[in-house]
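Before I ask anything, let me first share the structure, which is written out below as C-alpha cells.
Chain IDs A, B, C and D follow the sequence of writing; residue 1 opens each chain.
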Amino acid sequence: MSTFIKDFIEREKISRRNFLFASAAGISASALPGLFAPSSALAHGHGGYALAWSYRDRASAYWNAIVSGGEAYVESLGLDKSEMVNLINEASSEKSLADIKAFLAKNNGMGAIACDANDSPNARPVVEAVRDAGGFISTIWNKTDDLHPWDIGDSYVAHLSWSGEKPSEDAARLLIDKMGGEGGIVHIGGIPANIPAIERLDGLKNALNDNPNVELLDVQSADWDTTKAADVMASLLTRYGDEIKGVHCANDNMAYGVIEALKAEGITGMPITAFDGNPEAVDLVMGGDLLATVFTNPHWGGGIALALAHQAATGAFVPSEEPNEHREFYGPSILVTPDDAAEFKKTYLESTPTYDWTDRWGLSAGQIQYK
Amino acid sequence: MLEFQNVSKEFGPVKALANINFKVAKGEIVGLVGENGAGKSTLMKIIFGAYQADSGIILIDGRKTRFSSPRDAMSKGIGMVFQEQSLIGNLSIMENLFLGREREFQKCGLIDFKKMAEASRYQLAKVGLDIDPYMETARLSFSQRQLIELAKVLALEERSSGDLVILLDEPTSVLSEDEVTLLFELVNNLRERAAFIFVSHRLDEVIRLSDRIYVLKDGELVDEVAREKAVASHIQSKMVGREIDTEYYKQDDRLPFAPSPPLLSVQNASVRGRFEKISLDLHAGEVLCLVGTEGSGREAVLRAVFGMHKIDNGRIVYFGNEFLKIRSPNAAVENDVGYMPRERKIEGIFASMNVAENITSCQLPAYARYGLLNKAMELGLADEWIKRLSVKTPSARTDCNRLSGGNQQKVVLAKWRSTGSKIIMLDHPTRGLDIGAKEDVYSMIREMSSAGIGLLLIPDTFEEAIGLGHNIVVIKDGRTVERFDCLKQKVTPFDLVSAMT
Amino acid sequence: MRDILKSNYHWVTLFVLVILVGLVDSNFWNVKSLLILIGDIVPLFIMALGLTFAIYIGGIDLSAQSMANMITVIASLYLASLGLWIVPMCFLVGAALGGLSGLITTRFLVPSFISTLAIGGVCYSLAQWLSGNRALYMDSEIRDALFGWMLSSTGIVPNTIFVGAAVFAGALLIERRSTLGRRLKAVGSAELAAVASGMRVSRIKVMAFALSGGLAALAGVIFAIKLSGGAPSIANGFLLPAIVAVLVGGTPLTGGVGGVVNTLVGTMIVAVIRSSMLYLEVEATHQQMVFGIVLIIAIVFTIDRSKLSIVK
Amino acid sequence: MFRNFDIKSLMPIIVLIVLVVFFTAINPNFFSLRNFARIAIAASPFLMVAIGVTFIIVMGSIDLSMEGTVSLSAVIFCFAFLYFGGTLASGGWIALFAAMCFGMFYGALNGFIHAKLLIPSFMSSLAMGFVGIGATVLLTGGGIVRIDDDVFRMLLTYRVQGFPLMVYVAAFFLIAGLLIQKKTILGRNLYAIGGAEDLASASGVPVLKTRIMAFALAGFYYSLAGILQVAKLGQAESVTGANLMFLSITAAVVGGVALWGAIGGVFNALIGVLIVTVINNGMVVIGLPDYIQDGVLGALVIVAVILSTNRSTVKFVK
C-alpha cells in the first residue's frame, strides 16, 4: 500500500467512522451533523476576518493540495485548520458566486477569500461582490483579460495564475526529444474553453513550430476525465495506429487514462507528458510510465492566495501601494522528469516544505502577460 | 364453505360494513347486489384479503381463519375475477395464469417455461380454450381474456387445500350478450368445482345466474332472496330503500323528433380494420343507438365522427354542409360536435381539475381575451350548469376526483351542453353508475333530445337502447346488419340479440 | 385544516429550514443577506420555472443547462450589435430549440428525456462552435449602459429580484390565467381527456417545451449579464439543482400537479439548503452527502403522496 | 416476447450495422479486431450500468443513482482490495465480493427509500446518487486510489481471442442478466409490474419486495461496473462513475427499451450500449472535430430512437 493511501486512510479514519455510524444510525441522525455543534468562535483570532477558500471540488489531488496550502496558512496564524471555510462550487459558476455572497453575508462582509472563479467570466461578479461587501479576495486561474485588481481597488488583492504555455512547451520539447525529433503526436485536451486547456495546447504548438518533422495528428478533448481519455486514446489508436509516437496530455488525470489505454494494447514505452504534478503522476514518472509532468506547487499557491487576501485585510500591506507585478503574477512551475522525480518527491510530496507566508512574492514567476 | 359472522369494517368515522353475516356453500352461486357505496367492494376486498375486517369472524369449512393479503387469500382458495380485466398485456398467457406463483415452476432458480406451458394447457382446457400459452395476452379478444381470467382463478384448484370460492366482480360489464351467455354456461358447468360469488350491477343477470341473492345497503345486508322468489323490482327497492319505477327506460317519455334534414350523415364510411361501409343519419332531437358486441366497431364509428379516426372510404357530412371536413377532435369541437368517451376516468374528466375548469375545458377561447381567462365568467357558467344538471358538488371549485361517478358524468355532459354542441355522442354513459345516477343520466338524455340535440348513443344494455333510442342500428363485425325504428315498432332485447349474433 | 397543511408542506419545509439554520447562526436571519441570497438564485429560479412547465405536463427538459450555456455565448457575441434586442432574440432562440425538442417528442414519440438531452448536445456543440471554444466577455460599457440597473440594488433589494419577480409573475399569469396554462394543466392531468375535449395536445406540449427552452434562455441571458460574459460550459451545474428545485417544491414528475408557486418555494429550499452548509459549518468533504440526505428528507416532507396513485 | 416478432424490434440492430458500415466506409481501420476490442473495453463497464438501469426502466421506474453507486463501490472495492493485501492472490478477491455486496446493499437502500417511503424513483435515486458521490468524496478525501496488482489487471492486459478478459467477464454477466430477465421470477415480475402494477399486485406479486430487489439487482450491476472501471483504469475516485447517468439511460432507450416500462430488456441495453460506443469511437476514428461530437451524438440518438419506436402501439409519450 502506498504511503499516500495510508495517509489518506489515516486522515479519514475519523470521518469514515462517522460515515459508517451515520449509515447505521439512519438517515435522520446524520442529516445535519453540524446542527447542534457549538458555533465556533469565528472571526476573532484572525484580525476580525473570516477565511475562506472557494474552489471546484474535493475530487482531485490538485484541489486537495490547494486546500492543504490554505490550511497551512491558517495554522501558521495559530488557528485550527477548520477555521478556514471551504466553499465548494462543484464546477458551477452560479454556486461559486452564491456561496461567496452567502459567506460574506454570514460574516458581515468581514471575509478574506481565496477563489478560483471556475469560469473566467465569473471572476468579475465575484470580485465586485467582495468589493461591495467590504471583504478582500485574491483569485487564481480564471479571470477575464480585461479584469485587473488595480481597477477594482484594494478589495481585489491579487490574481495568481500559472502560465500553462511555457511549462507545457518545455514538456512538449522533452517529448519531442524522446521521440527523436520526428513522428506523430496527439494531444488530449481539457474542457476546450478552459484557459489552462487553451494555454497548454498553445505550449505544444509553440514547440511544434521549431520541429517541422513532428506532426500534430489530432487534438481531442477528454474534459479532464480519466475514463474519457482512455476511450478517446483507444479510438485514436484505431485512426492513427503506429503513427502515434507520443502523447501530450493537458493534465495528469487524462494521462492516467491514456497510459491504461496503451497498457490494454500492450504498448509500452510510448512517451507521454502530463501536467499538474500529482503524487500518482510523480510515481508514474519515477516508474517510467510517464515522461514528465509539470508541478505548479498548488500547496504554495493555495496558501499564498489566502495569505495575500488575509494580510491585505489585516493591513499587513496595502495592495494599491504594490506594483502591478505584485497584483497579477505567475506562480512557479517545475518540470518533473525521470532524472529529478525522486528528488522532487522527497522535497514536495513526502514532506511539505514550510513556507514563509510573509514572503509574498518570493516564488513569483513574473507579471502575467496578455497576448 | 366460506362464512362471515358479524364482520364489520370502519374507515375512520365511516362505517363501511356493519355486522355482515354471509355464507356460501360449495356448488352454490350467490349473488351480491347493492348500489354504489353500499359496501360491495369493501366486502369483496375483505374476502380477497386486500382489507382486514375490524371485527367478526371469517370461517372456511368451519375453521376460523383470516386473510392477511390477496396472496394469503389465494392460498386459502379464494379467487377473484376482476371487473377491470386483470391480465397484463405484455406477459404471455401462461405467465398471467401463474402470476405470483411462478415459484412452483422454479428449477435451480430459473423458471421452467416448458413445464409452465404444459400446466397452462391443462388449465385452459378447464374453460374450453385451445390456445398457445406463449401468446401475449394483449393480442387476445375481450372474451378470450375473460375466459383466461377465469382459468387463472380456477388454477388455484391445484394450489389450495380445499375447494375454491370464486368472486366474479362485474364480469359481464365488458362482454356482449352472447359472450355473457357463454360465460354463464361455463360458470354453471363449473359449479360443482367451486362456490361462486357474483357481483353485478345488472340485476337481470344476477337473477338469471344466482341461487341466492344478498342485498347490501349502507354497509348492511338488508335482504337475502332465493332465486325462485327474486323479483327485480323488489330487490331494487331494497337496494335503494324505496320503491322505484323499474321502467326507468319508459317509452312514453320519448317524444318523437320533428322531421328535419340530418345533422349528421355517415355515408358508406369505412375505417380499415374497424368498420366498413357504415351509413347512418342523425336528426335534430333524435337519439340513435348503436348496438353490437364488444369490438364490433361501434366505438370506432363515434371516434371517426369526432375526427379521431381517419376515414378511408365514404364520407361524413355534418349539418348538411358537404364542404365541412372534420379531421381532428379540435375541428369537431369547433363545429359543435361533442363526445363523451367510455373510459370516464382516463378520457372523460380531468380528475385533478375543478368542476368549472372541466366544464370550460373545450371552450376556453370563449372565456378568454388575449389568451387570458375571465375566471368570474367561467365560474358563473359553471354555477349555472351545476344548477341546471343538479350536480352534487360543494362548489364549482371542487376538484372532480372528489365527486361521485354519476356527478362526474354530469360534469362531462355539462361540458358539452354548455358549448352548445348540436351533436353529442355518448359511449356507455351509465357505465358503472348506480341506479339513481343512471336515472339522472336518462332524464338528461331525454332533455337534450327535446332540446333538439342529435344524440349518438352506445348504450350499456339493450333496455337502454330500447328505452331511449328513436332508432337503433345494429352493428356486427364492423357492418350494419339491422335497423329498428322504435317509434314504429316495439323492439325487444331478443330482436337485438338475434340481429347481433 | 389538515388539508391546508398538506397542500402547503413545501412552505412548512422552507420555514422550518430557515428557522433551524437561523437558530444555529442568527446572521442567517439578516434581511439584507437573505435578499442577496434570493437575488443570486434568480437565474437558477428562472430556469426552474421553465422546467416546471415541462414537468407539469409529465415530461422533462434536460436541455436547459446546455441551452443556457449556448445563450451566454450568443448574448456575449451579439450584445454589441443587438443591444436590448438581445433579450427577446435569445428568448426566441431558446423557445425555438425547446419547441424543436417538443416537436420531436410529439411527432416522433421520442421520450422528452431523450429528445431534450439530444438537443442539449446540439446546443453544446453550437456553443463551442460559436465561441471558438473560448470564454467570451461583453463590452462592459454597453453592458453597464443597458443592463447596469439589473446589477445594482434598490434600497437593500437587489434589482435581480425584481427581474425574477417579473418573470415569475408572467409565469404565474400563464399558469393560472391563460388558456395555455389551463390547457397545460389539462394535458398534465389527463392527456387522453384533453384529446377528447378537442384540445390540440401536440401543439400544447410543444408550447410547454418552447416555454421551458425560452425561460432557460432567459436564465442564460441574465446569467451572462451578471457575469458580463459567456462560455460554453459556464452554466454547468444549473440543471440538477433546477430539477431538484422543481421536485422539492412539490411538482411531481407525473404531471398536472404543482406549479410555478411550488417552484418558487422549491428554489428557495435549495438555496437555503445550499447556504446552510456554510452556516452550519458542514465539513467540506461531507457537504455533498449531507445535501443528498437533506434532499431526501425534504422530498419526503414536500410531496403530497395522496395524489399519486402508483409511485413509480 | 417469446414468439411474437416485430420488424421494429430489429431496428436497433439495423442501426448498429448501418453505423458500422458507415464508419468502415470512411475509415477501413474501424472494421478490425483491434478496434472492436477497443470498443468492447470502452463498452464493458458502461454495459453493466445500462443493464442495471434497464431492469429498473422495464419496471416503469427510473434510477439516477448510478454515478454515485459506481464510484462508491469502485472506491470500496479498491480500499478492500488494499486492505486484504493489495493482490488478488493474497485475498483481494474478497474485495470483489465486498464491492458486489455493497452495490446490492446500496441499491436495496435506494429501492427501500423509493418504495417504502413512496418517493418517486426519479427523485429518491437522484438524491441517493448525490449521497453516493458525497460518500465517495468523504472516503477518498478527494484522492485517487490505485490498484497495482498485475494479476487483477490481467482483466485488461490478458487477451483471449483478441479480447481482454474483462470483456468476457462483462459477457458473462450479460448472459446472467438475460437469464434473470427471461427465466427468473424476479425478472418476470419486473415485466408484470411494468405492464400493470396494480394488477400484478392483485395477482399476488409482492410489489414492494420486487421493487426493492430490482434496485438491489441494479445496484449489483453498478458495482460490477465499478469493478470493471477499476480493471480498466487501475484506479478509483469520486468521478469514476461520472457521465454514466444520462449516457446509460440514453443507451437503453436507443437500444429499444421503452421509458414507460415493460418493453425491451437486457439485449436491447447491449445493442444500445454498442450503438453509443460505436458512435463515440467512430467519430474520433473518422476524424470529426471534437466540438461537434456532442451535437452529432445527439442527432444520431434521436434518429435511432425514432427508427426503433413502434409508433402504432404507443398512444402518447411524455
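In this text, a contact is a pair of C-beta atoms (placed from the backbone, for glycine too) under 8 Å apart; a residue touches a chain by one contact, two chains touch by 3 or more.
Predicted model, so just to flag it, every value in this text is computed and none were measured.
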Chain C and chain B - chains in contact with each: D
Chain C to chain D, fewest steps along touching chains: 1
Higher-contact pair (C-beta pairs counted), B-D versus A-D: A-D
Chain whose average C-alpha position is farthest from chain D's own: B
Gap in Å, rounded to a whole number, between the CA centres of chain D and chain B: 44
Separation of mean Cα positions, chain C and chain A [Å, integer]: 31
Whole-Å separation of chain centres (CA-atom averages), chain A against chain B: 69
Multi-chain contact residues (two or more partners), chain A: 12, 15, 19, 58, 192
Per-residue overlap in chain B, given as positions that touch at least 2 other chains: none
Where chain D touches two or more other chains, by residue: 135, 137-138, 141-142, 291
Pairs of chains found to touch, sorted by chain label: A-C, A-D, B-C, B-D, C-D
Residue numbers on chain C that touch chain B, as the complex places them: 173, 177-180, 182-183, 185-186, 189-190, 192-200, 256-257, 307
Chain A-facing residues of chain D, complex: 27, 29-30, 32, 34-35, 38-39, 41-42, 79, 82, 86, 135, 137-146, 153, 156-157, 164, 229, 232-235, 237-240, 242-243, 280-287, 290-291
Parts of chain D lying in touch with chain B, wherever the complex brings them together: 1-4, 179, 183-185, 188-189, 191-192, 194-196, 199-206, 262-263
In the complex, chain D residues that touch chain C: 60-62, 68, 113-115, 117-124, 126-135, 137-138, 141-142, 197-198, 246, 249-250, 253-254, 259-261, 291-299, 301-302, 305-306, 309, 311, 314-318
Residues of chain B defined as touching chain D within the complex: 50, 69-71, 74, 80, 82, 86-92, 95-96, 99-103, 106, 109-111, 113, 132, 134-136, 139, 152
